[in-house]
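Note that the chains take the letters A, B, C and D in the order they are written out, and that residue 1 is the start of every chain.
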Amino acid sequence: MSQELTHWLDDLLEEIEGIKVRRKSSRRVRADVPADALPALLELLQGRAGYIHLSAISCVDWIEDDEFELVYHVWSYESHSLVSAHIRIAREPGVYLSVYDLYQPAGFFERDIHEMYGIHFEGSPNMEKFILTEWDGPPPMRKEFDSEAYVNEHLNWQEYNPPWLQELIAEGGGVIIPPEEQRFSRKKD
Amino acid sequence: MNSINKIPVIEEKRTNPLARVFDEFVRFCRSRSLFILHYCTGCGAIELPPAMTSRFDMERLGIQPMVSPRQADILLITGYVSIKTLKRVILTYEQMGSPKYVIGICSCTVNGGMYWQSYATAKKLDEYMPVDLYIAGCMPRPEAVLAGLQKLMDRIHSGEANSWEDYFRNYDYYLGNQQKLFGENWQTPTDIITEAKHYDLIGEGTLGKHTQILEQHQKPLEALDMRLGHDLKEPTE
Amino acid sequence: MRPENYEAQRHPPSNEFELNFGPNHPGIEGNYALKVKLHGDVVVEAKADGGYLHRGFEKLMEQRLWIQNIALVPRICVPDPSPMEVCYAMAVEELCGLEVPQRAQWLRVMQLELSRIAAHLFTFGGHAATTGMYSTMYWGVADRDLILDLFEEFTGGRVYSIYNIPGGVRRELPDGFLQRISETLDYIESRLPDYDNLFFKNQVFVKRAKGTGVMSQEQALAWGVTGPNLRATGLAFDVRRDDPYLVYDQLDFEIPTEAHGDAWSRTLVRRLELVESIRILRQVVAALPDIAGPIRAPIPNPLAWNVPAGEVYTRVESSKGELCYFVVSDGGPKPYRVHVRGPSSMHAVQVLEKMSVGSRIEDIAQTMFSLDACPPEVDR
Amino acid sequence: MAPMELIIELILMPLVAFVVGMMMVLMMRRIAAKLQRRIGPPFFQPLYDIVKLHSKRTQVSHGLIHDIGIVMAMGGYIAAETLLPVPGMTGIAEKGGIITLLYLMMIPSLGLALGVGQCANPNGSIGIARALTAMLAYDIPLVIVIFGVAYAAGTTNLVDIIAVQQAGGFETWGAVQMPVLAIAGLIAMHASLGKQPFEIYIAPAEIATGPMVEMSGKYLGGLFVMQCFQLYTTSVLYVSLFLGGGTTWFDFLLKSFLVLAIPVSIAYLFPRYRTEDLLRLMWKWPVMLGLIGVAFVL
């Protein structure tokens, strides 16, 4: 089954230029495509191979490469396999095409990515905010947004420092870790 | 951030012995009949159905859920409050009838809990409204919730649970924190200052620089905007 | 005192009016809102309004260690937290190439199925309460508590168990636990006829649920609906069987389906899944004594654990549908990106909006609860 | 009857009704608790609730009509109590008759409609629309049943109706003489209580308790008092029409509580109907039964 499937899928994918296919396991296929070829690929996958279920669209912010990576996970109920199509788009201006006319679930994911990363999807039915309707800062999931700094600026949190702990510390004990030894929570790397 | 100095206010005892008996009776009834507002603000709400239903049965203590803020006595903040929810929680709190009580359930209401880094949740609930009681835990078991409620009942009975007056007496402090988080044009539909005058609860902290900001931009009170999309136009007059 | 917002709202002359259905409304599951426009009591337009439960999990996870996130993930879906842990742990294991011991896999299956039973009992309660039958809610939530007792015993946590770590599970079973789990299953099974008589066969309930919130199979596929809601339209798809993980391919279970795609079918599918979950659990209880071995694979020091670079997409069948994690690592001590695809993100937003239109105000709550929407998954 | 005696009776009858009504509320909540496998509220819980609600500091009024509406809701029932004969007290029942009683029992719904209307809450408006629809639904069978009973007894005077039933002991009870009418009356009574499956106008999950949504403090307390009167009035009316009233307080209260236990026990085992289903059901079965019963009587 899976041999046959590989063969058939490979034939299909050869029709698109610039595609790189990597089979990760019997049910997971990774395809890297140029950004402009993605709609054609999805159309092929949906129309000819039965990949009718868009499981998710994920976005990754590669700030060092100045690029966003969009990953379209499509699943076929017939061949029981999942194709993840990866594309990269430039971080500025961060515009891409909507695939809503192919996959209706895309409406939600594109809206989500729009408010979390600020990527605009042309042709998506609804680009209004959904979760962050009362948020006026930058798109929070971008790597340059520092959540901790924002929290320190806008909110106070309770320092747990009861008298008994202060006494302990005064005697030289306590649970305080010196800042240079704090490895996880506050570490900036 | 300096915290307000909370003065425990105990209701004055009246001199007439009959009136004192009556007050005592009223306080007892208040402590024995508590209506909880049915508002799940966070994950702690998942432990309320067990506390309410057959196994732990809140009703045997006289506690039952109520639907609208007008009917309720207790506002249970069940877990973290995101900033979007916090606005609704404050509106809800202001609409509830006094005497009203706030219980913060879960660690997140105390200090932000495990979401201390999160940009979307408010950390200290008692900056935005007076809290009568915290029930810590992630999440507290139904037994803990019931124990906390019983403690609140005791406090109501002894007349100590007066934090709702604190909101009127120190409105400036609470409003200041709300403005810091929501922006300076924050305004709720409830006119707290007038209400404080009505109850004769104007304290030193009721009016201040934050309430001045509020008065500057305060518009005539209108219902909250409940529109759908943009298809509804303003009526042409 | 005079009320505050007393001034009437200015409206264009129209027979339609708007109603905020939530976030503080007993007909809404969790903290969520629907803004509906009504004509009489027929819904003309509905708009979902989420974000009340938004905590920014995906951002938080990027700021914490791989092992710290285990404590964070169950909070994403409150009524059914276990699949979240398992799915995340599976993702990390796949990135590191860790081999999970057999016994740990069986224990995870046990945890997942117990969680499924608990979540379904909870859903029945909520669904019954929307139609005014509180007795089912009282019974269902109380019986769910027995499962939570089991959770507490073998994981240490009542709701958030945090039982999994990448590479296996945290604890061995306590003595005599399998006996107690059988007893609880027997009890729940003996209660099912009562539930049938009270709820599932109740003529008034059947009358209300049939034909409410109908969704055809084509619509369900086009809208990306998964899980029991998809199976209620007749398509027997289950991640447990069709994209197997853990040891589900060694287990014998059916995938119940119903044909009509309405609230009644969805409820019935969940009712039948309850039986299947009990069946799976009995197999697990029978098999566990024979599976010896460690319960976790050796992992490096979790506080200084650099997971190899790569990306992985894992899927788990939660009680609401298909739950997926997309995890990207750049070889560092923290995840570079975690994307949670909550199953409710489909049926609680777009599908609910579409299905509400044309229905009546009394059916909105029932539609939402029969879809088993879980707002924290949507908001994350 | 001496005027002084009458005045005492007029004061005592609503008071008795209130106390008995509170116990009925307690019984209702206890029955619900038993069916739901839990303990239920303490004995004085209804009293605590009412006192607490009346002692709230904030009373949000929405205007004059809102205030009057609640007064009408309570006043209608208080007036109705003086028309319901209890053992030893008849009040003005002999002068009022059953037709007046029926009118008075409608006033609370109308008063509520007025009061809720001024709250300008859409949930309340939908709720009150449903409440009036429900009233339309159950009043038709109720009127048919009452007509049948009055025709059989040959009088519209409730005191006489009770006297006729008590004349021959158990055999002359309305329920024995006119069993079909008694069943129709029971269904209509259940619907008039507004409990599941006929609980269309409270419906928390749909319209957030409908008429009660804007009520706070004393206003909600007024509705709680009204509920006590409502339970008392409905069950005592049924006892007077079909179970021969009461000769002593003991059998009177026993009958009233038993009669009320029937719809209450049913209520907690059912979800609620939709509005149109309620109308269809009420205009079909109780009306049909009522007409058959009337045909027997004629």
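Simple rule for what comes next: contacts are C-beta pairs under 8 Å (C-beta built on N, C-alpha and C of every residue); 3 or more make two chains touch, one makes a residue touch a chain.
If you're wondering where the values come from, they're calculated on a predicted model, not measured in any experiment.
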*Per Cα centroids, the chain farthest from subunit A*: D
_subunit B and subunit C: spacing of chain centres that average the CA atoms, whole Å_ = 31
*Could you tell me the distance, in whole angstrom, between the mean C-alpha positions of subunit B and subunit D?*
36
*Inter-centroid spacing, subunit D versus subunit C (mean Cα positions, whole Å)*: 43
*In whole angstrom, what separates the CA-based centres of subunit A and subunit C?*
22
*Going through subunit A residue by residue, note those that touch at least 2 other chains and give them in order.*
132-134, 140, 145, 147-148
_subunit C: positions in contact with at least two other chains_ = 1, 6, 8, 19, 25-26, 51, 54, 56, 59-60, 63, 138-139, 142, 379
*Junction residues of subunit D, two or more chains touched*: 36-38, 58-60, 204, 208, 214
*All pairs of touching chains, please: list them by chain label.*
A-B, A-C, B-C, B-D, C-D
*Going by the contact rule at the top, pick out the subunit B residues touching subunit D in the complex.*
25-26, 28-30, 32-33, 38, 53-55, 57, 59-60, 62, 67-68, 70-71, 73, 96-99, 199
*Which of the residues in subunit A come into contact with subunit B in the complex?*
132-135, 137, 140, 145, 147-148, 150-151, 154-158, 160
*Partner subunit A, residues of subunit C touching it in the complex*: 48-51, 54, 56, 58-60, 63-65, 68, 221-224, 226, 235, 237, 242-243, 303-304, 311, 313, 315, 322, 324, 326, 328, 332-333, 336-337, 339, 341, 345-346, 349-350, 378-379
_subunit C contact footprint on subunit B (complex, rising order)_ = 37-43, 45-47, 49-50, 52-55, 65, 67-69, 80, 82, 84-85, 88, 92, 94-95, 114-115, 117-121, 138-139, 141, 189-191, 195, 198, 220-224, 226-229, 232-235
*Given the complex with subunit B, which residues does subunit C contribute to the contact?*
1, 4-13, 18-20, 23-26, 30-31, 35-37, 45, 47, 51-56, 59-60, 63, 71-72, 75, 78-79, 122, 125, 137-139, 141-142, 144-145, 148, 158-160, 376, 379
